[in-house]
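What follows is chain A paired twice: with chain B in the first complex and chain C in the second.
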Partner chain A sequence: AALKDRLRSQVSAALKEGRVTPTELCQRCLALIKSTKFLNAYITVAEETALKQAEESEERYKRGQPLGILDGIPIAVKDNFNTAGIETTCASNMLKGYISPYNATVVQKLLDQGAVLLGKTNLDEFAMGSGSTDGVFGPVRNPWSYSKQYKEKSVPKSHSEDEESNWVITGGSSGGSAAAVSSFTCFAALGSDTGGSTRNPAAHCGVVGLKPTYGLISRHGLIPLVNSMDVPGILTRCVDDAAVLLGSLAGHDPKDSTTIQDDFKPFELPNLTDVSKLSIGIPKEYHVPGLSSEILAIWSKAAELFKNAGAKVVEVSLPHTRYSIVCYHVLCTAEVASNMARFDGLEYGHRSDMKDSTESMYAATRREGFNDVVRGRILSGNYFLLKQNYENYFVKAQKVRRLIANDFVKVFRSGVDILLTPTTLSDAAPYMEFIQEDNRTRSAQDDILTQAANMAGLPAINVPTALSERGLPVGLQFIGRSFQEKQLLTVAKWFEKQVQFPVIQLEEVKRHDSGVFQHQKSASFS
Partner chain B sequence: LAPWIPVVGLEIHAQISSNSKLFSGSQVQFAAPPNSLVSFFDASLPGTLPVLNRRCVEAAVMTGLALNCSINKKSLFDRKHYFYADLPAGYQITQQRVPIAVNGSLSYSLCIDNKMSQMVTKTVRIKQIQLEQDSGKSLHDDTRSQTLVDLNRAGVGLMEVVMEPDMCCGEEAAAAVRELQLILQTLGSSQAVMAEGQLRVDANVSVHHPGEPYGVRTEVKNINSIRFLAKAVDYEIQRQIEELENGGTILNETRAFDSKLGCTVPMRDKEGKQDYRFMPEPNLPPLILYDAKSLPANMNHQQVINIDWIHERLPDLPSVKREKLVEQYGILPEHSFTLLNEDGLAEFFESVVKQTQMKPKKVIGWILNDLLSYLKQHSLTVKESPVSSSLLADLLNLLEKKEISSTAAKRVLVELWKGEGKTPLEIVKEQKLELLQDQKELEQICQAVIDGQENEVIMMVLG
Partner chain C sequence: QKVSVEVLDHLEHLALVDFRDAEGVERLQKAIQFADQLHEVNTDGVEPMDSVLEDRWCLYLREDDVTEGNCTKELLENAREKVEEYFVAPPGNIPLPKLEERETFLQGS
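On to the complex of A and B.
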């Protein structure tokens, strides 16, 4: 089995049949992580515990008693999920060195099924950002920056400019997780999605990024950004694998009162062949001003694809789309101001040396612990929550949120099954260009296509579609009905099969893959 | 000088009697080692979420029903933000928009002019009852310039009961709180012991002239007993009147009651210009309660709270218990108040009545005048009484059978207090307190006395 393999269809079978052992798999992933260190995708690599988990998994396979499809599978987790005994930093000085005493429910579920936790991935500080560039451990580099596909297409602007400064961003805020999956250092990764933080980097890194329906997967242990919009996100190599992860994570959690009570039945995705009964909606408001002509073309082509296959493709309207960013800013910053109030240096995390008074200690701790982006959102949020502003901002935004959610209800009620939209405005920007604008500006721009799904709590998925002129991934987004993940993923899987998105060609991975399992090489490329 | 009308309202925090806290599973216990009852959620560890404790909701519903409130079938939770060492999350979860119960009333009784014989019933409106978290405790160690924080209490469930400003003086406030305390203890929804911090009372006080709008009010905190409540309220009313009559103004401030000096002093302006930035608690869905009518057919009984079910199971409230005592035993209403006011006294009384032939109307005198005054003198509770109900019953039986006089009975009681284990009969024999019933014997004694005092007798006969 090769590191490029798909989880369910390839690696899982290989483990079961003994063609590869969990320990080998783990070791190779760890080695690849080391050699791709320049990507800065991982904040913490839990080498010892991962190898131990792999050994335990191996024992189970030897006895013929694997826990399930995830047993022995190396995975990575975004560093805003609590992992007992392994540092959880949220890429912030506030939590540097913080070792949580408990596992997030989703982490526990993965471990209970035998998954091997390789480490914690990099992100924008406290998940605030759309580039994975604003964490204290530095930016994450998009693996595609080092791909043959990108290098072939990139024209050096001057001969003094070398490869180093040309690298492109992963998108954010779950950039580390996306990069980890994209560079084959793990078979799946957990991200989080509040305004697009799983789908955006998935699109830029050419991987599948699933945002489940709000209330389907437990948030217990996910350090919150916006409690009413956050969901754990799933990043995988293919839609099938996303379904596997979903099946292992979804379901009511008594520790999270916002999860639904209904039983969740994990499903296997059917191989859809006939799309004639499908109605695809194309929301016209998603043809936003900043959308690159390239992506517009890819989007149109995709719509054509469905039409030619017999599906009904209709233009629909989500009239309140243009208010979603402003609405998001008010509600997000208000919740941020509230959620960050607990970081006072008293119980855990960073505590300033300032001792003059409790208040001065709070102020110094929070100034030292948070970056500009976090502090900016806290100040804005507190402003919106002031008694004299509450009605005009917070309550108004809640009302607008209801309107945005109703837009989707109306469209789905009219007979549309799935919406098809672009995920991002363009392919990944070079880092040097991206940082020319501040975090708030970039977030406002980049969230426009993904944010509304969080407002409405709907499931949405990015499917890698094609390469851009620059040789970088472009993805398209499917948005489905509440709790209809099966339908959403079935359609996404059909689409994935049609577009046959190319595998990234990375030098490092080739090196790691060659050698021991030569005879498996042919099976590793789909 | 125009008369002043004092106006008193109360905000009462009652700690809910439950095994675990309002939103987490850690234990509720008084005086445990510091920080030994703290869950991850209580410590505000990032990523933890609140989970509502069913028992706390039931306690609030019971209390709401006992106070004649409308129970809101849908109530909401909010975050109230401020920074303080004993508030780990930087916000308290409370019910600001829609509390669990509203618009109730509490009836309480007072003696007019300190005479037990004349009691008057008053009513105070209950504005609302809301569920909220208690904070931890912080102790300021000034010598070492440090603050010690104990989070054992952080997150314990509270019922905040808001009483409208329908009271006019310390006595009324005290009587209202006392009655509330009895109700809570009867329901079991709170142990309501002020000394253990299970019942905390803040008073809102203002004064105005008749016909004029209400005056500026002050909030008085740091009141540690019902007795101090009356004192604090009366002091504050007086202070405000004097201030205004001297041409001064009343500030809308928070004052602390100093029990040593018996006065109120301004507190550091902690709350004055605070904006709590209330925001809905996003991690808790609206709290939905059902009644028999609205209960969905196939709902699991374990999953829901049925208000009617709780209503049917409410115990007799103090007012009902008093009525029953008056009816059953023919005692006076004011007697029933005293009986219920002392923990265990009503049970003691009923126990004595069962074991004696003496009429309850007579027994009550012995309970309220003799037993109770002795207990008060020695600061004992009924449970700690050295005289058990059986012993007292035995004594009263001797009296009832005319084997001793009532004077003798009181002397026997004095002996019994010593708790030396002697029975009333033994004491009577020891001290030769038996009443002589025999006519002939009595005549002989009288004759003997007269015979021994001849001169005095002659003097008496002659006038």
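On to the complex of A and C.
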């Protein structure tokens, strides 16, 4: 019975057989977006263009000529990807009103395959943060805050307390994308991942969050944060869907010279039944202080699961783990200081009325356009890049980066295939609690488990695993070898099947429920 | 070890971003303190790593052929101040006023 619930309703097949039309699908998603507006997952809903894309898709299905498996599938895109003709804000005053003149390569690829772009999702300003709480359009609310599972477990402190003050964060910075996928308003969403920004909200929102190997997917059109670590991220409701998205996005892009030139072959995931040849590594340094006992237990249980199924499960060591977050802090702020220099008000974005001089105009524009978090990182980055600090901080961090990357190389060379770690320290925090600490402190705490994979450029995925005692999602992270996404996703898919993560029970979705969404709560289109 | 006002002023000039208040300055102090942990790591003989793809030589130069362009109109659309096909900037070569004359939180320090 549990398996039946997880069975994906081939939406693609449904579209192909005419059981549902792309416009119907699009309209239902748009309606659901409207009724879940309180989540604040979307900054821009591109209703007109989405319906037009859906109509064009319908024409193709009528002619029996769909572009592929993604034709007619509604998707959402994080608002730090350029989308032609649609506002791209990065949740910042600096880019409010900025209409991109071009599509990011990943967006273009999705559109070329007939995907329907529903809108742009909310994030922390310029993707800096781990809560999706620091953007100018306000915080994103975790759909699980409104789930039956969470409500059953929460004890109201007083009569006046209601959902309004109890809601939990999505995590970040791709919180809007995670919330959109989690609340069924789209079938997949693009996020970005620099220190965990796709995997962290995926864990808190109970969805699959894939960070591909650095260099596999084009960053052209993704407004850059840290050029040496950024990657586009994929958020879906099941691992198979992540593989489908990966297949349509990966590959060399002449417009992004940091993409590898090797041919990429999209793959279908095999149904792994025998894990006896698998070696799973459990890095002991990931047992960090601050890791909740609940997550520790879930992590241990997962390791047991693999062991009982015949896999080899070994403890491994990544000795420089505890310096990873410090290293990230220096390299990230340094690259950010450089990347944010382009925002001067001249060619695009916000421009101050200050006219006295170019420099004073730049200074005023940036003063008005950036929030505290962004400004803080720019100033820190500039400090580490000062001539007197360059060797001691920036170059030092680059050396430590090599040590961190080498830790992984050594472990994978010793015969380990995949690493299994927690994704977050605990389940999602209530918003009121989360904002008690400042952004930098939070990021330093929350990124600890995810960002070493960005340091080393390795692929990593969050797989929703179980519900916490508060009824909120907890996910576990798998880290794989460079460019071995097929192996990583195969193992993730096996694990997903074993844990049978429950479907979110949301009132809003039930109301919109109809043939389209039946058997499809953990829906996919593959 | 606090950062001197001279360095803070220098940073504001370089970054063209200001320390809005004491919190901003404190934030930098904490960031430096945090980063100082790096000095505990022994990196003797270790080369700095620029890119995780260093073994793959993927950064290449392409042929000097024009493959796209002619998008002046689109590019100008997002600029606020323009004249014909020019972006318009206020007068250049005028440095930011000195600390004493500038409107900055640091002035009180």
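Heads up, the rule we're going with is that the second predicted complex is superposed on the first by the 504 of 526 C-alpha atoms of A that agree within 3 Å, B and C clash if a C-alpha of one lies under 4 Å from a C-alpha of the other, contacts with A are read in each partner's own complex, and residues count from 1 in each chain.
Simple rule for what comes next: a contact is a pair of C-beta atoms (placed from the backbone, for glycine too) under 8 Å apart; a residue touches a chain by one contact, two chains touch by 3 or more.
Bear in mind that the values here come from a model prediction, so they are computed numbers and not experimental data.
**Student:** Which partner reaches more residues of chain A, chain B or chain C?
**Tutor:** The partner that reaches more residues of chain A in the superposed model: C.
**Student:** Have a look at where A:Asn82 lands relative to chain B and chain C in the superposition and call it first, second, both or neither.
**Tutor:** Only chain B is touched by A:Asn82; chain C is not.
**Student:** Which of the two partners, first being chain B and second being chain C, lies in contact with A:Tyr362: first, second, both, or neither?
**Tutor:** both
**Student:** Is A:Gln500 touching anything from chain B or chain C once the two structures are fitted on A? First, second, both or neither.
**Tutor:** Touch status of A:Gln500: no partner.
**Student:** Go through the superposed model and pick first if A:Pro101 touches only chain B, second if only chain C, both, or neither.
**Tutor:** A:Pro101: touches chain B and chain C.
**Student:** May I ask you to decide whether A:Asn271 touches chain B, chain C, both, or neither, giving the answer as first, second, both or neither?
**Tutor:** A:Asn271: touches no partner chain.
**Student:** If you stack the two complexes on chain A, which partner ends up touching A:Val326: first (chain B), second (chain C), both, or neither?
**Tutor:** A:Val326 sits against chain C, while chain B stays out of touch.
**Student:** According to the stated criteria, A:Tyr214 is in contact with first (chain B), second (chain C), both, or neither; which is it?
**Tutor:** The answer is second: A:Tyr214 touches chain C but not chain B.
**Student:** Report for A:Glu335: first if it touches chain B alone, second if chain C alone, otherwise both or neither.
**Tutor:** After superposition on chain A, A:Glu335 lies in contact with chain B alone.
**Student:** So, A:Tyr348: does it touch chain B (first), chain C (second), both, or neither?
**Tutor:** A:Tyr348 sits against chain B and chain C alike.
**Student:** Would you please give the residues of chain A that touch chain B in one complex and also touch chain C in the other complex?
**Tutor:** 101, 228, 254, 257-258, 337, 344, 346-348, 355, 358-359, 362, 382, 386
**Student:** In their complex, what parts of chain C are in touch with chain A?
**Tutor:** Those in contact with chain A are residues 3, 7, 10-12, 14-20, 23-24, 27-28, 30-32, 34-35, 37-41, 43, 46-53, 56, 58-60, 62, 71, 74-75, 77-81, 87, 89-92, 94-97.
**Student:** In their shared complex, at which residues does chain A touch chain B?
**Tutor:** Residues 81-82, 88, 90, 95, 100-102, 104, 219-224, 226-228, 254-258, 334-335, 337-338, 340-344, 346-348, 355, 358-359, 362, 382, 385-387, 390, 394 of chain A touch chain B in their complex.
**Student:** Would you tell me which residues of chain B are touching chain A in their complex?
**Tutor:** So the residues of chain B in touch with chain A come to 40, 43-52, 79, 81, 83, 85, 88-91, 145, 147, 149, 275, 277-279, 282-285.
**Student:** Can you check the complex and tell me which residues of chain A touch chain C?
**Tutor:** 98-99, 101, 214-215, 228, 254, 257-261, 320, 323, 326-327, 329-330, 333, 337, 344-349, 351, 354-363, 366-367, 370, 372, 375-376, 378-380, 382-384, 386, 392-393, 395-403, 405, 438, 440, 444, 456-457, 482
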